[in-house]
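First chain A sits with chain B, and in the next complex the same chain sits with chain C.
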Partner chain A sequence: MILKRMNGMFLISIIPFFILVLLFLFVPLFFMLYSSFQGDGGSGFTFKQYLEIFQNTYYHQAFKNSIIISFFSSLIAIGLAVFATYSITLFSKKIQDRILVFANLTANFAGIPLAFAFIVILGNSGLFTLLFKHFGWDLLNSFNLYSWSGLVLIYIYFQLPLAVMLIYPVYQGIQAQWKESAALLGASPLQFWLRIGGPIILPSIAGTFSILFANAMGAYASAFALTGSTYNLVTIRIGALTTGDIFARPELGSAIATLLGVTLVVALLINEWLTRRIRRDLS
Partner chain B sequence: MSFLTIENIKKSFDNETVLHSLNLSIKEGEFITLLGPSGCGKSTLLRTIAGLIHQDEGKIHIDGKDVTEVKPKDRQVGMVFQSYALFPNMTVQENIEFGLKMKKLDKETVKQNAAKIVELVELTGKEKSYPRELSGGQQQRVALARSLVTRPKVLLLDEPLSALDAQIRKNLQKQLRSIQQELNMTTILVTHDQEEAMAVSDYVYIMNKGQIAQSGTPHEIYTRPVNEFVARFIGNYNVLTREEVSNLFKGEKNFKNKMYAIRPEAFSEDRILDGYEISGKIQKTSMLGNITRFELEANHVSFIADRLHKIDEDAQKQETKTLYLNRKDVIPLS
Partner chain C sequence: MKKPFYHYITIGIVLLYLLIPLLGTFQYSFATSWHKTILPEGFTIKWYVELFGDLRFLKSLGRSLVMSLGATILTLVIMVPAIFSIVLYAPKLEKMIQSLIVMTYAMPGIILAVGLIRAYSTSGISMVLITIGAYFVGILPYMYQGTRNSLRNINAESLMEAAEILGASRYTAFQKVIVPNIISGILVSSLLSFSILFGEFVLINLLVGGHFETVQIYLFQKLSQSGHIASAIVVCYFLLISILSAIMIKMTRKKKEPV
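And then the complex of A and B:
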């Protein structure tokens, strides 16, 4: 009886959540899928949009660019975060909390304001660019904010704090007694991390990588604000097709967005598969 | 000749002294138990011996060698924790072989040693399992095997059996003792459970507030507590002040110590020659399995007396009971 009533309460309180998910997740998803199989202007069922994407090298390039920048910015961010977060765990609890607040803040600093901040600091007449020039070092010779490397820098900038926040709890999962046992059995700290600590945190690191990858694949505003629509990324293509610089083709945009989703799912599956190969105990 | 000596070990955490100039010495192959209330510094002492905590003062010698400044990994000390601390990403076999691999022994030796230990702790057939696939008792045996396989000079066990249920705990106690004797392993066990301490060890060290309150064989500890703390901690001793004892044994005047202890089972219903005789009023009777416990009052002093349970229990509340006690069973405490 009591159990039933509790279930009832549970259902009632979860209904608003389901409605929210339905309205803002499934309905748009459904319309995106539906519209991706429509001809221009909604003229009946067709694979035409997908065919166009598969045949058009311009879209191939957008996917390639997006995947490359997402992959590398995620990889670099996660590589840095693994070490940065480990050093954070060595501080006292109080300092750790402060660093996390800071990470939280910076992780949310993205999009147009972030691009603008970078332009002010490292742009052609940015603060540091001018400062360095004053000291006789022309930054522009080796680094151009409006190029690929500038874009990668911005991506890493907003990925890194997110990675730190996601990896921080992972280190809490390492029991002190594993380290102590390993030490008493003759293992050095490096051996501990290679044989025990590393493999244990690996699935979480891989999961974090997936999130970062998705985060980067879906990023739009920073890249758009920095390079306009000159840099060919999937999100910028979708943006152009739906808002329409010249003429809008929302159906084609939907098809690209669907493929973007598929890319993420495939990336997630590859990730999962690799993780399970290394951590045999999980399967 | 002592094998492990601990001299004047002091340790404080944030101005709170946890170990007060503690001394301890153990012979080779001895099994000793540290028994004491929560927070008295048992784990801290073990971790200091293992080198996981650095003491503020004092020296530790193992097998004639000063290890005070030696790193944990070079101390040849094995440790088993209450939480098992098995490596979750490794199989039973890999967990057990870990220490041997760290020693860079050749493959064949690693395999043979591991196989021997697996058999000793009766885990044959479980080699390929992962820790999460094992029961608590099995996991603890893996942890034991993992520590034993490297043949440490000293084995430290920090409440290894506390998380297990009573039945398995009893079995593992026996197994632990027999393995320890077979390998002649110098062992220190930390436990909360006095029965466990009495059952397995050669010597028991009662710890209180970072000091050794008393040490001795289980028999000595149980029958001759030397101070109030031990008397209260061990068993269900009646701990009475000088006035209370004098009142209880009316007419006796030569009690010199401040405190005295009397084991509840020392009271007898049969007359004891040259003993004390007490008539007490029964306040409460309780059945504790095979014994019956009486809470009595005599001359305004409350005390408890135990007796083996009788089928035709006859005692009634408020009834007066006459009990006898040997003089030597009134133990003076310091």
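And then the complex of A and C:
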């Protein structure tokens, strides 16, 4: 009797949860996959959409742009974060906490507000644009916020705090004793980082890189706010194909979204594989 | 220990990079006119007065609050009991929840939106409701993490055992013993979820579109019209997420103190 009531309670508590997950995660996933194998207008079973993506250079370009921008923004963000985060760990706990809070706060500052903040400082009549013009510097002549160079800066902005927060715990894993032992045995700090610290943190850094890469590949709002549908990125193409009034081709959009999803899964698997490697090495 | 100078430089670069866009926007939102000169010609609060006098903005603020708050409360009511049951009575299902979380990472807004449009746009169900459902999935990782950690911290299993030995039913024990103990931890993850949803643009814009203006969509519309008003919105938005973070930090600290 009591056992039965417990089972009932258990089911009542988890059933609504799984219904919602089913409705808003699995059903859309299924429909996206299903319609990616349909012809335009939702007819029949076909690989036509995928073939078109593989043949049409316009979509090659979209993937290439997305991959390049994600790769470079992740690389720059992680490069900055590796050094800055190490520097942060040398300060007092109070200062460390403050910087992390600030990182956390700016990590939430993304999408449309972020794109706008960059328009204010680097747009056509932005703060720095005017400043550099005043001094007669040509630096900004080759720079255009509404194109590749501007997007990379914005992507770095939302990757940077995330990179700092993900790398911070990695340095906590480097124990002070290791450094001391190495120093006692005559190793310079550089030697310590090259021979001991570096190899230990490298898998985590690579894992963080793949998370940042996935994060950038899926980003949409900033680029959309800045360039509308003109800049050719995978996410921008998906948005335009799915909701565009004139050029809507939702089946093709679904196929591109599926390929993007596959890319993200690969990036996440790489991260998991790397994370597992670290655990085995340490145990 | 004296730190070498370059440690200040590395941190300085990161902090400046993160601060400059914020400071620029802040200044612009108080500037009277700022087109040709290096510094603004004067300072004013008229953009804020105009913004908060705009009924359209107030309505969009209301919609944003209802959407984010609604989704957060829905998630609280449905997810917390489910995670409680799973963590305590079916730990094998935890692996499954973790796979679900990886799935949500592999399906960011833009991908989820495509699937939801294909699945529901012709179903006749209001796309606003569908968006709230999508938000439920979107904040799953944060709520799961927060709830599970809180349950571990209070050692929920032995608390439940003790309460049941003393004659409480499982539901009473959950409601009277577990919930009061985990509430602060759960509130922290709810605030985090709320602030993430408040800044959400992709799903609401693709699923519902411009005729249902939230703050983010209002801001998007204003970008091309008035830079000053747009920057006033950005400043208010940043202020809001700052306040929410401050509350979260306060609550996390308070929770740690008694231990």
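The rule we apply is simple: the second predicted complex is superposed on the first by the 233 of 283 C-alpha atoms of A that agree within 3 Å, B and C clash if a C-alpha of one lies under 4 Å from a C-alpha of the other, contacts with A are read in each partner's own complex, and residues count from 1 in each chain.
Heads up, the rule we're going with is that a residue touches a chain if its C-beta (ideal position, glycine included) is under 8 Å from a C-beta of that chain, and two chains touch if they have at least 3 such contacts.
Small disclaimer: the values here were computed from a predicted structure and weren't measured.
Of the two partner chains placed around the shared chain by superposition, chain B is the only one that A:Ser188 touches, whereas chain C remains out of contact.
Of the two partner chains placed by superposition, only chain C is touched by A:Ala110; chain B is not.
After overlaying the two complexes on the shared chain, residue contacts for A:Ser229 are found with neither chain B nor chain C.
By the touch criterion defined above, A:Met32 lies against chain C but remains apart from chain B after alignment on the C-alpha atoms of chain A.
By the touch criterion defined above, A:Ser43 reaches neither chain B nor chain C. Using the contact criterion defined above for the overlaid structures, shared-chain residue A:Ser147 touches neither chain B nor chain C, since it reaches no partner.
Which of chain B and chain C touches more residues of chain A: that partner is C.
Shared contact residues of chain A, touching chain B in one structure and chain C in the other, are absent.
Looking at the complex, you find that chain A touches chain C at residues 5-6, 9-10, 13-14, 16-18, 20-21, 23-25, 27-32, 34-35, 80-81, 83-84, 86-88, 90-91, 99, 101-106, 108-121, 125-127, 130-131, 134, 156-157, 160-161, 164, 214, 218-221, 225, 235, 238-239, 242-243, 250, 253-254, 257, 260-261, 264-265, 268.
Taken together, the chain C residues at the contact with chain A in this complex read 1, 3, 6-8, 10-11, 13-15, 17-18, 20-22, 24-25, 27-28, 34-38, 78-79, 81-86, 89-90, 93, 100, 102-120, 130, 133-134, 136-137, 140, 169-171, 195-196, 199-202, 206, 209, 216, 219-220, 223, 227, 230-231, 233-234, 237-238, 241-242, 245, 249. Only residues 175, 177-178, 180-188, 191, 195-196, 199-200, 279, 281 of chain A touch chain B when the two sit together in their complex.
Those residues of chain B that touch chain A in the complex are listed here as 50, 52, 71-75, 77-79, 81, 83, 85, 87-91, 98-99, 102-103, 130, 132, 146-147, 150, 152.
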